[in-house]
Amino acid sequence: MITEALVLSAMIFVLGTFGVLVRRNAIIMFLCIELQLNAVNLAFIAFSRLMGIDGQVFVFFVMTVAAAEAAVGLAIIISVFRHYETVNVDNFKLLRW
Amino acid sequence: MTTLLDFVSYSDWVLHTLIWMPILGIIPVLWADEQRVKHVAFWWSAVVFILSLGLWWAFDPTVGGMQMESATPWIESWGVSYSLGIDGISLFMVMLTTFMASISILASFNYIQDRQRPFYALMLILEAGVVGVFLATDLFLFYVFFELTLVPMYFIIGIWGGARRIYAAIKFFLYTALGSLLMLVGILYLVYRAKMFIGAPTFAYSDLLQVPLSGTEQLWLFGAFALAFSVKIPVFPFHTWLPDAHVEAPTPGSVILAAVLLKMGTYGFMRFLLPLFPIAAQHPVVVTTMLVLAVIGIIYTACVAAVQSDAKKLVAYTSVAHMGFVVLGIFALNLNGLQGGLIVMISHGISTGALFLLLGMLYERRHTREIQEFGGIARVAPWFATAFVITALASIGVPGTSGFIGEFLALLGAFETHKVLTLVATLGVIFAAYYMLPMVQRVFFNPLDKQENREIEDLSKRELAILAPLCALMIWIGWNPTPLLDRMEPSVQVVLERLDEAILEDQARVGDEVNEPQVVDGGQE
Amino acid sequence: MIEVLFYVFAAVALGGALGVVWAKSPVGSLLYMVATLASLACIFVLLEAHFLAAIQVIVYAGAIMVLFLFVIMLLNLGHDYQWDLKGGAFSLLSFVIIGLMAGVLVRQFGENAITEPTAGGRAIDAALAQHGAVGAIAQSLYTTYVVPFEITGVLLLVAIVGALVLAKKGGR
Amino acid sequence: MIIDFSRQLHYVWALLPEIILCVSGMVILVVGVTGRYREAHLAVEEELESGRSDDLGWLALLGLLGAALANAWLYGVTEVGVNSMIAVDRFRLFSNWIFLLAAVLGILISFAYVYRQRLQAGEFYALILFATAGMMFMVGARDLIVVFLGLEVMSIAVYALTAFNRRDRKSAEAGLKYFLLGAFSTGFLLYGIALVYGATGSTNVAVIGEIISSGEGSRSLLSAAVALLTIGFAFKVSAIPFHMWTPDVYEGAPAPVTAWMSAAVKAAGFVAFLRVFMVGFGDHSIYALWYPILWWLAAITMVGANLIALVQTNIKRMLAYSSIAHAGYLLVAITAANEAAAAGMLFYLLVYTLMNIGAFAIVMSVSHHSEERLYIDDYVGFGWSQPLLGVFLTVFLLSLAGFPGTGGFMGKIYLLLGAAESDLWTLSVILVLTTVVSYWYYLRIAWVMWMKDPETEGQHDRIIVPLPMRFALLVSVGLILYIGILPSGALEFARASIEGLGTFGGGLIGQGP
Amino acid sequence: MYNALGISVQGGQATVETAAQFQPFFPGLIILLPLIGFLINGALALRHAQVSASAVRLGGELDLDEGGHLPATHTLPSYVAPGVMLVAFLIASVNFARMLSVELHDPHVIEYWTWIATGAFTVEAAIQLDQLSILMTMIVTGVGFLIHLFSVGYMRDDAGYPRYFSYLNLFIFFMLVLVMGASYPLMFVGWEGVGLCSYLLIGFWFSDREKSDAGKKAFIVNRIGDVGFLIAMFLLFGMFGTLDFVPLFSQAADLEYGSRLVTAVTLFLFLGAAGKSAQIPLYVWLPDAMAGPTPVSALIHAATMVTAGVYLVARSSVLYALSPIASATVAGVGVLTALFAATIALKQNDIKKVLAYSTISQLGYMFVGVGVGAYAAGIFHLMTHAFFKALLFLGAGAVIHSMHHSLHRTNNHQDPQDMRNMGGLRTFMPITWGTMWVATFAISGIWPFAGFFSKDEIIWQTAAFGGAAKAPYPMLYQVYWVIALVAAILTAFYMTRMMVMTFHGASRTGVEEVKHLHESPPVMWIPLIALALFSVVAGWINVPEALRETFIGLGPLTGEWLHHWLEPITEQAHHIQELNLGEVAEQAPFGGGEVTWALVSTTLALVTVLASFQFLRRQNVKVAAEDTELSGLSKVLYNKWYVDEIYDRLIVQPLIKSSRFCWKVIDARVIDGVVNGVGWAARALGFIVSMFQTGTVNMYAFVLTIGALIILGVSVF
């Protein structure tokens, strides 16, 4: 079951990656990143079944970080939205080349 | 004289002074007001030159190795030291540098009208850098100075140059930097080897000479070093930066560039390339390649020079041809060749420097360098024409001038080892006349058919003061080069002995490998 | 039994993840996300991480996702049913890439397939038995990991400050 | 004083600089919120010049001073054991100097900008301090959890700082890009940490190192872990192809933030990268695994960044690519993975901080402490109308280019010496060749400002260099030249800071790809 | 260790003791005096040039006639320049006399200072006094003095008067270095130095583009030869380790006869000689060199410099004797040149051109002489030729001077050198007419004039060499002999033609112009008389023994005095020849001894002169302006066989074109193209790579992911 959990984590991870690659909506991209973080959490917990409690502690920290990131990230999205009236990243092309 | 020099313990401080005094000169130059700055700069550099004159007497012509050596640890953990020394190879380069630096500062009085202070400051930095290149006996120090000369020259060309100055400046900079950076890797490799061999990293020239290198290593390192120096010289396919840089540079810049900066390359060949990588330097393929490039440089650039319409560009191309003779002499790998190369370096420094000065003076009068624009100037400016003709003759190596001695010896030396190539190179003598005389004719002779040319002024007193010592030197060296040759010979001998020894050692090593392959135990190691 | 449960939850989690990527509207994605989070919490439980499972539901699914929802509502994106996936070739290529990546990762996991809980796992069981789900984590959190724990405090402060500065309306 | 972490209080001593920074950050926040509100009036030139405009900035500097004192104090502290979560070694302390220096310089040059752009000074400086603390956590950590948390503290603060200028849509856009990609890459880093944990059962790099050299630990997991960690760190140090955010963020972020983060964030990334890889994955068996990856990463980064930098017209963007190129040079040191290379990296980071912030400081002056006149063509005639600034910028550029007489040159030599120790000759050649390429774009600014004749007169006449910025410039130029001419002190310092760092995997002779 | 042959490198010190009897009389002064003259005149010239420059700047010319009396810059050189020459000549004479009085076998070498010393190679700045060099010194200073004197009159009105004399003095200086230098390098200094002065003097009126071009051409063509000289020196250094004459020649005798190395050396030396002495294929510069002032043509391009090649071969006689191939080449080139130039001279209308081709032709004879091993004969002809050709040129100069004046006065822009515009000058210039006829007889080889003895000896020696017992290529030498005879007849013809066209027949100058024709002032005709005297008597110093025996009492002098005088120089060569070739023949190929053929040739010459005189006098010569186009062979001859055009087409134009190609294509396109192309490519590449920077986060993440995948893949597999 541990290996299965790891495989599941890998799949969720790549799905999150996929989402970041193909979605244009900044919020959904961020959600996909959260998906990645959850995959990591799953991996940690699976490993902690082998290695001890440290993995679980780590997950605790990851969740905190996720929360912090969510706060700042969403604030940035709001801030961008104020300038562009959209969250579609294709429109943010002021900076390029 | 010697007593006086001893009294002031000249040998102890002169080398440091020659480097640091020009740098300190920045302070008064930047301090002085705009009208007087040129005089300050000139007298400052003149004092440096006068100080360097003492070397003539203080230098012991019987000693082949480094003299007046001093070494102060600089970056101890890397084995870098601030160590200076002078020998017969660098002696004249240093004196040439201090001399040409003050001459070219004197020559910029009229040419440089605005932004004088930075200009003269840069000139002094440049002088210090070049002197440093010739005096450094630590490869790190050498490299630092080698690169350091680029920056002032870059700005001198780029700020005070002609219309395409930026292109020329950046081309000059990138071209030479490319070579020297690869050399840097080479130096570091050498140092790394030294660290393995000696146990501690060291950049000291004398230590690096001890490092045993295999043939392949030598070839690679030779390539890295040779590229750097070849670009600087420049040797044939790497020469295209030179015409651009020369044409666009202001007169004093061209003078310094031609007179001393190019010499850094050939000096590097003699000082570093041959002694450090003697096996590679004597490898037939390497020698032949370098000689072929030198010969191509001589003939090809002479041809290209002959069809130039811009007088300055013409002279720039001739520099490549002249430096070809130097390379030819160096890779003759014998006494005549090396000394000939050195004399060509000195002679080229003086004569081509003087040519650039004269063309600069002409430019100041007519604001053009197109040969077509001139004609018959000898009639209104006889002194000018006389000086130019003398210089041109020295440049093409007419006997009785310095140019002949060098080219003759270089060719003589090269002929001993490579007959056919030297034969072709000797044709350069014809080509020299082929490019120089038409230019002289079209500028100074022919009908005086343009009104603008009628108004050309003859040389002023200052200009005469610039040119007279140069012309005198060209002729003096042409008739009596022995004092110079005497001082060079022991040092050149040292280089040659190093080459011979290396070959012997290499043969011994190869012999050991061939004769005693059965020795398995580490007794010998 | 546990295995079956695991596969069920895994399927839901995967489906949810797919939904997050696939859903047209942000709100839809969000809801799929909540589903994934919930099923992952269940898997956490199966892997003996009870406390974290609770946190997952309370903090993640509860707080963070609500924050997202707030923002979506704030920006009035809730009715945005525009399909915003990138173009076909790009997506296809991306899919190939992530497929390969998954393949690599799965291959690595498969190489040392461990099914039985080892010494570490037994230690967790012991700790759970001794301190309970909360205590087991708290034990190391406040002893071994006290420094990181303090750093999270700074982290959250930074996040608050950052969010405050950025989300504040207009200029001064 | 001896620290063995037998008591919790030891953590306080060991983390004293960080704690001081965090506390002063909080103080600034409080002061910023409660403090007297300053109305920006138009006749501000004098106030701008004197640097009196921002008390909070001075407060932040005070905090940095405190942290610096604490950092100096830590030199007197002896650490017992090398497996503790917090390292009290010279490596960390040297890195701390870099961050403190970057923060000091960054704050010194941002006074006028903050004032002109009416940024919220309290939050601004506090975030810089928090980020600096985060960097310190990151490099002082021997535990991947702390590395990760430090990195997040730093990153989140920097995301916020990037998007800090709410009036500027570029700033917001840059913030978003940075945030999304940063978080994305954090996922990879985290996954890597998870796999390391799965392979070795520990998150302590020293323990990981021991486990790996004892031959335990799942190699299949480790190889994937190393790759994922490389990705995560490569993103932070902006190695190609993980660099995409860099130019956009550097261009969009407020100029002082760019100046500061281009030096400090990169330094933090590199130092952590080095510690994790050298101490954790320093064993020969695993070095052989990541050595070729980093080799190629370094090569591609050097080549690509220098090439793209050639075609930039915006100076901030050009400096961004230049910073990527410098990341390439620094990656050579990590690839070499030996003592000299590590010391060289520290040394280079120190010099890089000075010269990069210095260059940005002048860019800020030219742009009138706002986001205008950032194109290279705007520098026409700059040198002659502001000679001193021109000379300074030239020195910074020459140093960035690695020219003799400047610290950049010594740094590059140190990197090359490190590469030499590991026989990385091809990489060395790539390094110098790309350096030649870099000369072009550095010198381009020099030629634009000195050699081109301006079309409009007097466009640089109204440049204001506030007192704090003057101070910063003088310090950077002075230090760069000092290090460039007499580097021994700094070199020895960097070299001594490496001692006892851990095992070194470098020196695999002849293992070039 | 750097000497390939292991021979120690020393100067000619060994000889100093043996020549103890010979007391040189300030020999250094001979060289130094012209140099001093040059410096004084040069200073005056520069001073004067400044004055004239300010006049030019104002738009006019400095007219010396206007001022009434000449400035010091013009009066002083009149004394200084001939003065130093006279003193030098006197010192040379004293030395000559002293050498006559003692038996000097080995050369007397005087070292002044070490010129070049590299450790592997040493050359002293030394002069060598021996029979050959003192003879040459006498010729150079003596003829030089006369020509200087003539120039005082001839150049009087020229604005560049002091400059002219400074060049002339400098030339003498270098010429003396050439003949007195004790080593090849020193000789080379003089060698190129005279070339340089020749360049300066040909282009003396540099405002004229053609004259300037002529000087340039002379220099460049000379340099082609100089390369040969240089290479020969390199070879010699490789062989002997020294380039000083004395040790070199003493070692040379040990070389293998006919070895390839010697042949190479001598051929390269001959290339140098051919350049300097205007032999095929490098003769083209000499006719153009007539652009210089006529006394210059007399001094440099007839009497002294152009004979330096002969001197070189004679000096290196030991080497040439060792190489039959080279000797045959020398003689062959000489005889071909003699014939070829003579044919061209037949149809020239410019009086100086005729003389120029005649000079080339006579130089050919000299080379025939040294080529057949008759080194003394070559030198002999050199000497007599110096007298009569200098005379001819000076006479021509007098004519041109007179013509120029008359045309100038009447504002006629005809060419004063074109013989078609002359005719009947005899009545106006009797002294010139008379002395020039003397020279014409001399050059045609008519007894008892000097040319007879010298030229006839060369022709005879050719015949005799062809019949030598072991002669290498007997047939070849017989052909040479026949050609030499033919060329001699041609010589007589074109010289007579010149004399007739200039002095006889009706005057074609024009009615008004005739009134201004006049004889030259004394300062100009005194040298003519002096040279005429020498042209008559100079031959008698070397009367062949055979002739003396046949015609008893023809002279009080001992027979073949010059041969004996030069014996120390040539004996080694003769010894080698005798060793390898045996005795020369007593009989010519078609029978007949020396006396017979001497009679034949002088008769032929005389008959030719008389017949052509009669024939040409009656011919109706048209004035240049009205002359018709030539056709057929005449046209080819008139256009000098189109050699200049061929050279231009084959060498000059391709060279210029390829130079342009090198510059425009190789330099600008290929090399700079690569250089700029690299820069351009780098930027283009940078631009392309930067295209990934689309600004969209998806793209960034995509690139990142690809990188991640690659790294993952690399590290896992």
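A, B, C, D and E label the chains in the order they appear, each numbered from 1.
As a convention for this text, a contact is a pair of C-beta atoms (placed from the backbone, for glycine too) under 8 Å apart; a residue touches a chain by one contact, two chains touch by 3 or more.
Everything quoted here is computed from the prediction, not taken from an experiment.
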Given chain A and chain B, the chains that contact each of them: D, E
Distance in touch steps, counted as few as possible, from chain C out to chain D: 1
Intersection of the contact lists for chain C and chain E: A, D
Nearest-to-centre chain - CA centroid comparison: B
Pair of chains whose C-beta contact count is the highest in the structure: A-C
Separation of mean Cα positions, chain C and chain B [Å, integer]: 70
Separation of chain A from chain E, taking each centre as the mean of its C-alpha atoms, in whole Å: 96
Chain centre separation (chain A, chain D; CA means) in Å: 26
Centre-to-centre distance between chain D and chain B (centres being mean Cα positions), rounded to whole Å: 42
Per-residue overlap in chain C, given as positions that touch at least 2 other chains: 86, 90, 94, 97-98, 101, 104-105, 107-109, 120, 144-145, 148, 152, 155, 158-159, 162-166
Where chain A touches two or more other chains, by residue: 6, 13, 16-17, 20-24, 26, 29-30, 46, 50-52, 54, 57, 61, 65, 68-69, 72, 75-77, 79, 82, 89, 92, 94-96
Multi-partner residues of chain E (at least 2 other chains): 679, 690, 693, 695, 697-698, 701-702, 705-706, 708, 712, 716
Interchain contacts, given as pairs of chains that touch: A-C, A-D, A-E, B-D, B-E, C-D, C-E, D-E
Complex contacts: residues of chain A adjacent to chain C: 1-8, 10-19, 21-25, 27-28, 30-32, 34-35, 38, 41-42, 45-46, 48-54, 56-57, 59-61, 63-72, 74-79, 81-82, 87-88
Interfacial residue positions of chain C with respect to chain E in the complex: 86, 90, 93-94, 97-98, 100-101, 104-105, 107-108
Of chain C, residues touching chain A in the complex: 2-3, 6-7, 10, 13-14, 17-18, 20-21, 23, 26, 29-30, 33, 36-37, 40, 43-44, 46-49, 51-52, 55-56, 59-60, 63-64, 67-68, 71-72, 74-75, 77, 80, 84-86, 90-91, 94-95, 97-99, 101-102, 105-106, 109-110, 113-115, 117-118, 120-121, 123-124, 127, 136-137, 139-141, 144-145, 148, 152, 155-156, 158-160, 162-167, 169
Parts of chain E lying in touch with chain A, wherever the complex brings them together: 690-691, 693-698, 701-702, 705
Complex interface listing, chain A residues touching chain E: 17, 20-24, 26, 29, 89-90, 92-97
